[in-house]
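Here come two complexes built around subunit A, the first alongside subunit B, the second alongside subunit C.
This part shows the complex of A and B:
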């Protein structure tokens, strides 16, 4: 929360500069500005530009975190310059100087201006980013559940600033990865009951080797997103819909693996790794499981040799799930509908105000989604209480 | 040299809607904008869009509310067009994917808004503008084969042929600095308002009167420029907008005594009277010593009376704005607000098809003055205005394009503009900084051309603006490069703003009465006999020439305005 009572003070900004016409390498440029601590880094840059150097390049317009122009990295963390307070930036700085750099994963045009079109927008265009409604259209509006529209509003709230793209680790390794922003955009249609091509969209993104299964759950996009869109959560919801609702086989078997975990815990209470592998590939009798088992033999042998596993534990069934575990399953699976954690829907209960903090909620939600139970993934705080 | 049947300058709601409409009519279209389309200022529109879609509503009721809101300065034929076409337009938006919030029956939900006699505002949480803008951009991506997009191109001037027809524009590719002539049978200006003439303002940094000044320079009249809307709820802290949706959801305005003072000013509509009325009431409370905050210059907006669950669902953006920019949790304490510059009702004069008196030149959205807003715009009518008249401009321009051949243009003007930019870049570092001049302009406008005005203040503002125009000619820039030289564009924008500000001040001096957003303390009454007319300013040498045009009345005669 911004503290608006403190007087103006000096802040030093170290801005990464690059002039493509100079033939020189990028360099750092320092300016000391004077503003109240709750003012934004963008206001600091604009003061430096207005008073000292009009040539500092940065896209900006609304100053209020809605136009999405001023995506930058402040002390290494991607976000909006207008949405980062000077006092917070000072606190996260390494040496008392606030470092502002252009976003990552995108080519730099000049100073803090990056080529969004070459990366971000190209990926957005990849996901057929428009509604494919049923034909014919209704005479008036589509009649859809109230919650459905509130639900897609979370991904609709994306302002296309590129902060998540900047910090996406998977994209750093695989530049072809469709990426967090575009996949969140895809969910905006997959989650929209008016769209008629949900299966096709999901199949497309599941089969693309750079599609929805290329995400490694690193949470970087959730941290970077200034609007609580929580792109990773949207990716997990895409997967859940692809595997759970549409039975689309995923490329790296993650969905079955998730199922195997649930089955395993239901039976054993504690994780029993021997079954996990075979169950993930369709059970002991499945040829796929045998193949994977054969492939995994060296790993298994090493584990046995290093006494990380014993034959007795590997072959026997040491655990049996206690009654309490069964009760948890009954409660969760007994729910009439699936709860998907969504920032726009959470915070219903007056006493649940903690869940309304966008970032806290987003990260907590990601955690739940990451280990989601297929029949009731990402239980809402309401459901959990 | 690109040439198109319809060239649209500006890619907010009006521009994008015009592009899709023209493309649907089967002509070649280009849309050019100095920012990426989704950065356009339409993105900031929060509260919603008005349309008589409820079965208990009637577009005539919407039209009457709009006429009354305009203080009888709006043209009623245009208002009838806008309000009668509104329901179809909102359904169209729903069909192409806007995620309008629903009621429990799954139909479009409607919220209350200022100056409206019934709930008729469709909305997407409090990001309605963003949701519509992004969905329209989805459509532009879908239409990529029929609509050419020139993103981050800055228009420097409009092209006029020997017969006085508009035949294109000259623009600079911001990314490379290259200048280009765009030839077109028709040009639609959709480049937004002039909020940056004021400091503070709720408007984005890009709202620098570009289209208004470009049209003015080719002889198009600017209408009702004195009508500048002050929004009743902007943050004292930094001028950010708190949506009228907050009051629509039930929030109260309180003075230092804790009174809901709107009782005195608008006993029936209370906080939901039209914006000019509420802003004046707040300013009166502040001026008479009942303001709150450190120097008594604010008013409390109390959102705590709205159920918390509803706030989080429907007013999420202002929860964030309160937290991030004012340090206030709006769900548990009141927030300090005051009236702040928000919108200009005036602009380039057009007819109901968006056509300006300059052949081949159209205008739609905040840049234009049809006039549907007259002396005061109702909340949630601006999105509607942009879409209805954006579409109509696109359709009309496409029809006109089919009757004519492609005009020929030369490179005379592109060379001239290129030289002018080179001259700005080459200025000696002797004059004032651009940011200094801009700040001085903003402060004088906010002091003297604000909620309350009088002759002395307006004359002072006029003198300052005239001096700043002179000073701007020698203002220097630091950036000497071609790639992304925002500095030199800032110098051009400053010139645009000064032209618009000059017309605003001149028109405000001319209108010696109080109507809508223009309240003259020296002429506190509305004077229908002399001033129920539009004031037009046209470029005449170096200063604006003033003329009058009648207000169109169809079914609603002027009456006393009470809320």
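This part shows the complex of A and C:
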């Protein structure tokens, strides 16, 4: 908790300025503001605007991490300006000056204001962000299992600030990537038992070359999100449902790669890279695998010449999985339901008690029993083929 | 110190020079390696994507195997792969957080006579260097300081994010350790945009272009910042940055020629090992700048040794 008793002190902000309409290049402005250390970077920016330069562009409203308007990068890290304390920002600064920039991956309208419509909202609309109810509707209220709704609460915590979109490393090289915020939103409906189009939603996002399989698993969105949505984890849930529950074999090799990997470890214990590569493209005989190998031929030749990979390792994997590894695969894969543990929902065991007492009811409204909540594993795989 | 050693898959597959260089460097650092040869792949995030319980059970098994070694005098568990560290930390987070879940996983392990006890200490070689051996001690072991060698750190995602799981704190700024180690070895740290970004490897089969674009962009940024080479604690990053570099060059449309070293190789060079012993001749991108440095810049130190080695191995490869 921030100490609110400390007196006001000076903080220097280095603010990125840019007005595309002016024709001038972007530049940095420095302003020294005076505030208590527990106050926010947003309050600092507003003081700089009020005292020194009324032309600084910043979008904000609630100042309480609820409206999601003031997404910026502070010392290179995306987040909410109103949710970042000045003392914390000073600590993470490189040279004692707090650097404030507009978010990335979106065009700049002016200074710290980016064009959310051009990127973020367009991508959100892309995933049909509303419930597609069953037809006919139930006569009375729609009764759903509690666990299923608890499962989607994490994605419902999103306030559409765009911080995850800003820092997404896949989008940095592939601007068409649907992206973390929109995919997390997609899971909100894929995970909702009232939605009637779960299979179609998953099929759509699995087949899109810039869809759920375009995520590189870099954790950047998890770091950026001020509300704990962990968009990457929601993307992994989408993949689990697409591949595991609905067996959607997509054209992007997402399904193939996951299943090749699982098969590979079950058989070898350690990864056999060569098999994994070809199997990920649908097996040695598939044209896609042949094309990839042909393109990679110069690289493979070089690796062999340098004795980086020997033919023995490349073709005949010397390692075989111990029988207990195979047994674990059989036991876990043979369960009727997937057992997922979402720490966002269950929380952590109390450290102090030292006792082996699970604390699984840590979510608001939860906690009537001591059962760990499996995240409604494959709650309704209706479209399963 | 004795450690329960998890080498991972890739260090025994497509980057054998990594496994070899750890074996060469460990005795110089006073590390005794007890290899966990019955353990299996961490899942690299993909198994967890398929089934969390499967990944957690397999990693729980590895932890339990390591804890057996720890009962026999190993101080902790060590890995040499950022991705292993991340996948294992993720499983450990869930296993340590919830006693009921842990009991459930242990039930599956029971027929093998294994049990995972909460709270294993599992550290990447990079963390072990800084936190167990210490930078001062490391500096004191340097035989051949990396003077004038400009090294760009490349961490790999799994070892720096998410910060709370990786336990990056004020006391343990683990997202700066590579820079600290490069400095301790006498080298110059190059700052560039890509040091903490993703190499792109996880989507190489799903979106090859985007994957290679990421690798090419970071290598290019490092080249523009005047780096002689990159160093990484992640063999998967090494695959995309080194093995795939000729293809990345085509995607980004510029020559890169950026050597990428495994962390133990860089440490080994400074500790006086020869490039050949460290498997440097096995890289796809020849580490010419690094080899030149070992022969010319500090010609006075162990020069004879270097000349024979580079003469026979690296030059001989041409």
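Note that in this section the second predicted complex is superposed on the first by the 250 of 385 C-alpha atoms of A that agree within 3 Å, B and C clash if a C-alpha of one lies under 4 Å from a C-alpha of the other, contacts with A are read in each partner's own complex, and residues count from 1 in each chain.
In this section, contacts are C-beta pairs under 8 Å (C-beta built on N, C-alpha and C of every residue); 3 or more make two chains touch, one makes a residue touch a chain.
Every value quoted in this text rests on a predicted model; they were computed, and no experiment measured them.
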| item | value |
| --- | --- |
| Partner chain in contact with A:38 - subunit B first, subunit C second, else both or neither | first |
| First, second, both or neither for A:240, with subunit B first and subunit C second | second |
| Contacts of A:324 with subunit B and subunit C, given as first, second, both or neither | second |
| Which of subunit B and subunit C A:298 touches, first, second, both or neither | second |
| Shared contact residues on subunit A - subunit B and subunit C | 347-348, 356, 358 |
| Subunit A residues within the subunit B interface of the complex | 1-5, 19-21, 38, 49-51, 53-55, 57, 59-69, 83, 85, 109-111, 113, 116-117, 124-125, 129-131, 133, 137-138, 140-146, 148-150, 152-153, 156-160, 192, 194, 344-345, 347-348, 350, 353, 356, 358 |
| Touching residues on subunit A, where the partner in the complex is subunit C | 91, 169-170, 172-174, 177, 209-210, 213-220, 222-223, 236, 239-240, 243-244, 252-254, 256-259, 261-262, 265, 269-273, 277, 280-281, 292, 295-296, 298-299, 302-303, 305-310, 313, 317, 319, 321-322, 324-325, 327-329, 331-333, 335, 338-341, 343, 346-349, 356-358, 360, 370, 372 |
| For the subunit B and subunit A complex, residues of the former touching the latter | 35-36, 38-41, 43-44, 53, 91, 94-97, 99-109, 124-125, 127, 130-131, 134-135, 138-139, 141-142, 151, 175, 204-206, 237-238, 240-241, 308-309, 312-313, 316-317, 319-321, 323-327, 329, 331, 433-436, 477-487, 490 |
| Residue ranges of subunit C in contact with subunit A within the complex | 9-10, 12-17, 38, 40-41, 43-54, 56-58, 61, 93-94, 97-101, 103-104, 108-109, 111-112, 157-158, 161-163, 170, 197-198, 200-203, 205-211, 213-214, 217, 243-244, 246-247, 281-284, 317 |
